[in-house]
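Take this structure, written in structure tokens, and hold onto it; I'll ask about it next.
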Amino acid sequence: MSYLVYPGAHHTRFHHAIGCVHLMQQVVNVLRFKDVTISKEEEEALYIAILLHDIGHGPFSHAMEHSIVNGVSHEQISLLFMEQLNTEFNGSLTLAIKIFKGEYNRNFLYQLISGQLDMDRADYLKRDSFYTGVAEGNISSERLITMLNVVDDNLVVEEKGIYSVEKFIVARRLMYWQVYLHKTSLVAEQLLIRVLKRAKELTNNGVQLQASNALKFFLDNEISIKDFDIATLELFSKLDDYDIVSAMKEWQNHEDFVLRHLCEMIINRTLLKIKVKKKAIKKESLESHINALIETYTISRSEAEYFVFTGCISNQAYHLKNQNINILHKSGKIQDIVKASDQLNLKALSKRVTKYYMCYPKQSF
Amino acid sequence: MSYLVYPGAHHTRFHHAIGCVHLMQQVVNVLRFKDVTISKEEEEALYIAILLHDIGHGPFSHAMEHSIVNGVSHEQISLLFMEQLNTEFNGSLTLAIKIFKGEYNRNFLYQLISGQLDMDRADYLKRDSFYTGVAEGNISSERLITMLNVVDDNLVVEEKGIYSVEKFIVARRLMYWQVYLHKTSLVAEQLLIRVLKRAKELTNNGVQLQASNALKFFLDNEISIKDFDIATLELFSKLDDYDIVSAMKEWQNHEDFVLRHLCEMIINRTLLKIKVKKKAIKKESLESHINALIETYTISRSEAEYFVFTGCISNQAYHLKNQNINILHKSGKIQDIVKASDQLNLKALSKRVTKYYMCYPKQSF
Amino acid sequence: MSYLVYPGAHHTRFHHAIGCVHLMQQVVNVLRFKDVTISKEEEEALYIAILLHDIGHGPFSHAMEHSIVNGVSHEQISLLFMEQLNTEFNGSLTLAIKIFKGEYNRNFLYQLISGQLDMDRADYLKRDSFYTGVAEGNISSERLITMLNVVDDNLVVEEKGIYSVEKFIVARRLMYWQVYLHKTSLVAEQLLIRVLKRAKELTNNGVQLQASNALKFFLDNEISIKDFDIATLELFSKLDDYDIVSAMKEWQNHEDFVLRHLCEMIINRTLLKIKVKKKAIKKESLESHINALIETYTISRSEAEYFVFTGCISNQAYHLKNQNINILHKSGKIQDIVKASDQLNLKALSKRVTKYYMCYPKQSF
Amino acid sequence: MSYLVYPGAHHTRFHHAIGCVHLMQQVVNVLRFKDVTISKEEEEALYIAILLHDIGHGPFSHAMEHSIVNGVSHEQISLLFMEQLNTEFNGSLTLAIKIFKGEYNRNFLYQLISGQLDMDRADYLKRDSFYTGVAEGNISSERLITMLNVVDDNLVVEEKGIYSVEKFIVARRLMYWQVYLHKTSLVAEQLLIRVLKRAKELTNNGVQLQASNALKFFLDNEISIKDFDIATLELFSKLDDYDIVSAMKEWQNHEDFVLRHLCEMIINRTLLKIKVKKKAIKKESLESHINALIETYTISRSEAEYFVFTGCISNQAYHLKNQNINILHKSGKIQDIVKASDQLNLKALSKRVTKYYMCYPKQSF
């Protein structure tokens, strides 16, 4: 939804997947140059794993996970796709899947797919910075990759690269607050979640909704991870932005007050107002907006709650405990970057920051 | 359809419209700096006219013009939108419309909107070059604009800019052959035209097709320029890529052999083969492909012709007669760039180049 | 001397001066747009002051300040130039000089010339990052400038720009350690200081050295700030890189052991070895290198000390007390960025970091 | 001298040499990928030859060739350096020298070093375009290289690359007229030639001039190709911009009227006026300027002719006869690009263009 704020942001997941493989090729070259052994099989598996790591994302994925495929994460679906492909390709994805699941006996390969310095981040930060025009989020993936090494089966960054890593962490923090959690895209995403929830609710109540066949299937059925057979996977793979947006374009004219207005808000970019605060939103504030809505439009409380709600967003720039970034000193000593840094700024950045928001309608619909 | 060849080409008409206005602001500054009088009203009108010059383009516009809104050009529809907006905004677009139609008494303003050096081209060449990655199509819009001037109510380029104009013309020629008329996007566009024609044909024969309400209207009705009332315009404005692509996604499963296969080809990017030649395609060659298809699939000749066809593409790098580019010498003399150039290369480039193509299916569908 | 490490770094002080004026023009536009009054005279004075702020830098300026014009800072010389120009231009630099000296009654104008967010830094960080290729030092000057405002005669950054400022500070810290204090340019600069010191010493002892007339003057005379009359200023203005490098090229063949070898080291890029440590260098380590040199080349201790020496470098990413950066909240509240930040990382960055180094010859000259 | 027009143009011959090797590495990869055999020895020889192809350029090389080392071309000196290095490196440059001289039995290797599509041009056009800011001179070296192939021991460009080659030729033509032959750098270069000629003349007449030892040698001696022994080569290698510019800075104060004024003009950028015409300059026009100068300053005719002179510049965008560019069609047919092009513009561009200029002083010195 970021294109509602940054109109240039029309890049696709396909670009990202290709970009990740490109960076991974560079990593393999750099590490081999430094005498880290990576076999032909491991190399291919790395490329497959990073190419497919996001394949389980549906359209507007984060919104989907909270509505259509409730409780099924995109990582789980990625895995289902890989396993299906593995069958079709006679087992040639077996090693890639092992690495992806973190079950292969060489840990650094997993860290390249999923860690605080993985190729996923190395690509998306640079790419999103470029397409949004938020130049400050730009990182030097090339330099970071050149500084990588492996010690005791763990990915490390050579001492020289310490300032680059610090800048990577600060850039990522900036991108979170300025792009990924930008208040306008936040509202739009929350509205989309509610569109899909409402559509499902109406469908459950027997109301007919115009939709593509693939979308209809997921509205008609309650799908949990155990229902994801090949047929479901096939249908899931057909879903893309076209299904969701086309549906909303039609639903703008639906007779249901809630569905109609939610869709209009997104399609016409007449979003809800949003307030972001450092402290939790007070209940009274929320109540007064809900009551106003109930009165003005004579709708039920549960209907009003589609348009007035609170939530919180949070980000942790650096995780101290989980997949930490290690610095390799010239002396051979390994240190967490927080300790290796000549200042304590990264320690400060490892504290989680949480913000609270409330959304509610402008004057009138 | 260029994204099928250049995956980065996901920029939108909205970007282009904004970009054109940006360049037009630069032109106004440059010309005023050179003592060309442009009133506040004319300035605003220029911005409005260039902002809206493409508003009549439907989704996949060139394909639409040959199928859905047969015989109605996007310029005519742009004008209808401007006139409608003029009513809504109490006549404040009157001057913009006059300029856009070439009816205002200051000719150079029209040339900035529509001419061989207009801001439309200055934006799209640079933009398309950037997003496709065809770096050689890049032009220096900024330098070109800095060299503009007005003499006797005609746009001219100052002598210093002569090599820049030559490069602009060569870059444009390159973009035509390498991007706009690239054989892969050419096939895709021809397939799309045929999808829409077939859909219309089926609808006329009473076959039901799943489609958005807006698209359904244009399939159900034969619309010529005189049918374009406000209601039609409103529906036309609702049409976008989502309507067309979603429809094709559904029609992939339609029982009609032709429609189903055409849609599959586009959606799965399993396009027809194409051959491009300098001479017209021989009839026998065409016939043999058509007959093969009739036999293999037991379809009618007219159905087969949806998959086997010929056509031609052509481009003229510089137009000698029409809106030519004039060079202003230091002496004050004005000359067509073809004569002002120190070599005869532009004269050579003013000859039209035509190429012929034939499309036909690969082995089997 | 950075071109010895980053060969692309051949940009000049002239580029920087022009760049600063360019950014200052943007600041003036932005601030006026926000209703900060800046008169025509103040505007011109700002441009003059930033254009000339570095004019007192001689060639390899930091080396010069420690040798040739001992004890006279480049700011003092800049001021002398401005005053001389003010005489020549009949007082039209008076306001610029006042602002430059911090004596004008509008403090924010001074902060734009010299502060933690001045246009000097905004230009040189971006420019040096570009020409060295240290992409991570890149900052978004444009965005920073757009976020500037003035409250109570002090420059402030609007709340939205808080992450941009943090990134600016981190980028500047990175550039310090990775470029400006890079160990190779550090050695080269220290060698140059010693070349000039030695040249002066020899001249004082009556030894003839080939040099340009301007350089000869500064070798022959001991110049302090009070000796800087017009004639001296005129000669100083003639000094540039050509004088210094040409002299070293000739001095490579001089009979003096020290001068000859120091010049050779710089010209042929066969520099001294350098070790950088977090703790002060131990005396014994230094002594053993000095003694080795005395023995090998039978030179005096003071001569040996030209080739073996210690020193320290330090940088403070953010100054808490001095010209701090203030954030303007939407509520109107002003806060130091250290407090306004949602994390304590900037507080951590305001501690000064010091490193110690020792230089000594490789195997043999 | 281009930095007098384009202040950004401070890149060095070192950058260019490195850039050429970089591109040559790409060529080797591309050709090997297309099954062109290139042995390890040939590969190394290619890199050596392109790395050193310009090593015989002295400072302000083109000016030098017309004054200091009259009649000795930089190619001859490059060869002398290579041969000297070959001796020092025990014959390991033998193959590189053979290729460089065009005496190796594989012609395409020579074409990569010196031809209409060699890596020299591929680098300098792009680099000069970048540093001058003349964006239109930019070429896509990468794309051109990707299109290269070898047929019958000749370099060819695959059919797909035809528009890229055309654009390369047009871009090169633009760079010639807009940068390399820009009238301001032209004047400066002509002045420099005359500075060096005058200095030599004065030296021959026994006048003492301050100069570096290396420069003195070339002023004192008349050096032809047969005088270029090791000692001369050594001294030649010491000459760089610092020697020439430093000398001019001192000579500004010399008592000789001609030398003093020529140097002042360059150092202070107060150049002669220049007129560029399509036809040869008339003699009367020249005479009147010379006579005026003789009268005003009571100098001799030969002295006046240092400040008033004519000349011509010319460029041929594409050479039909000499190392032409061949296109490889899909059918396997090889054609000169002039014939392969779908229009006759390149034929038009193969005609040589000549322009005539006259230089003379502005009002007074």
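Lettered A, B, C and D in written order, each chain numbered from 1.
One rule holds in what follows: a residue touches a chain if its C-beta (ideal position, glycine included) is under 8 Å from a C-beta of that chain, and two chains touch if they have at least 3 such contacts.
None of these values were measured; they are calculated from a predicted model.
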**Request:** Could you tell me the distance, in whole angstrom, between the mean C-alpha positions of chain A and chain B?
**Result:** 36
**Item:** CA centroid of chain A to CA centroid of chain D, Å
**Value:** 54
**Asked** Where the CA atoms of chain B average out and where those of chain D average out, how many Å apart are those spots?
**Response** 44
**Junction residues of chain A - those touching two or more other chains** = none
**Request:** Report the topology of the inter-chain touch graph, choosing from line, ring, star, complete and other.
**Result:** ring
**Message:** If I apply the definition of touch given earlier, which pairs of chains qualify?
**Reply:** A-B, A-C, B-D, C-D
**Message:** Could you list, by residue number, the parts of chain B that touch chain D in their complex?
**Reply:** 135-136, 138-140, 143, 163-164, 166-167, 170-171, 173-174, 177-178, 278, 317, 342-349, 351, 353
**chain A to chain B touching residues, read off their complex** = 7-8, 10-12, 14-15, 18, 212-213, 238, 241-243, 245-246, 249-250, 253
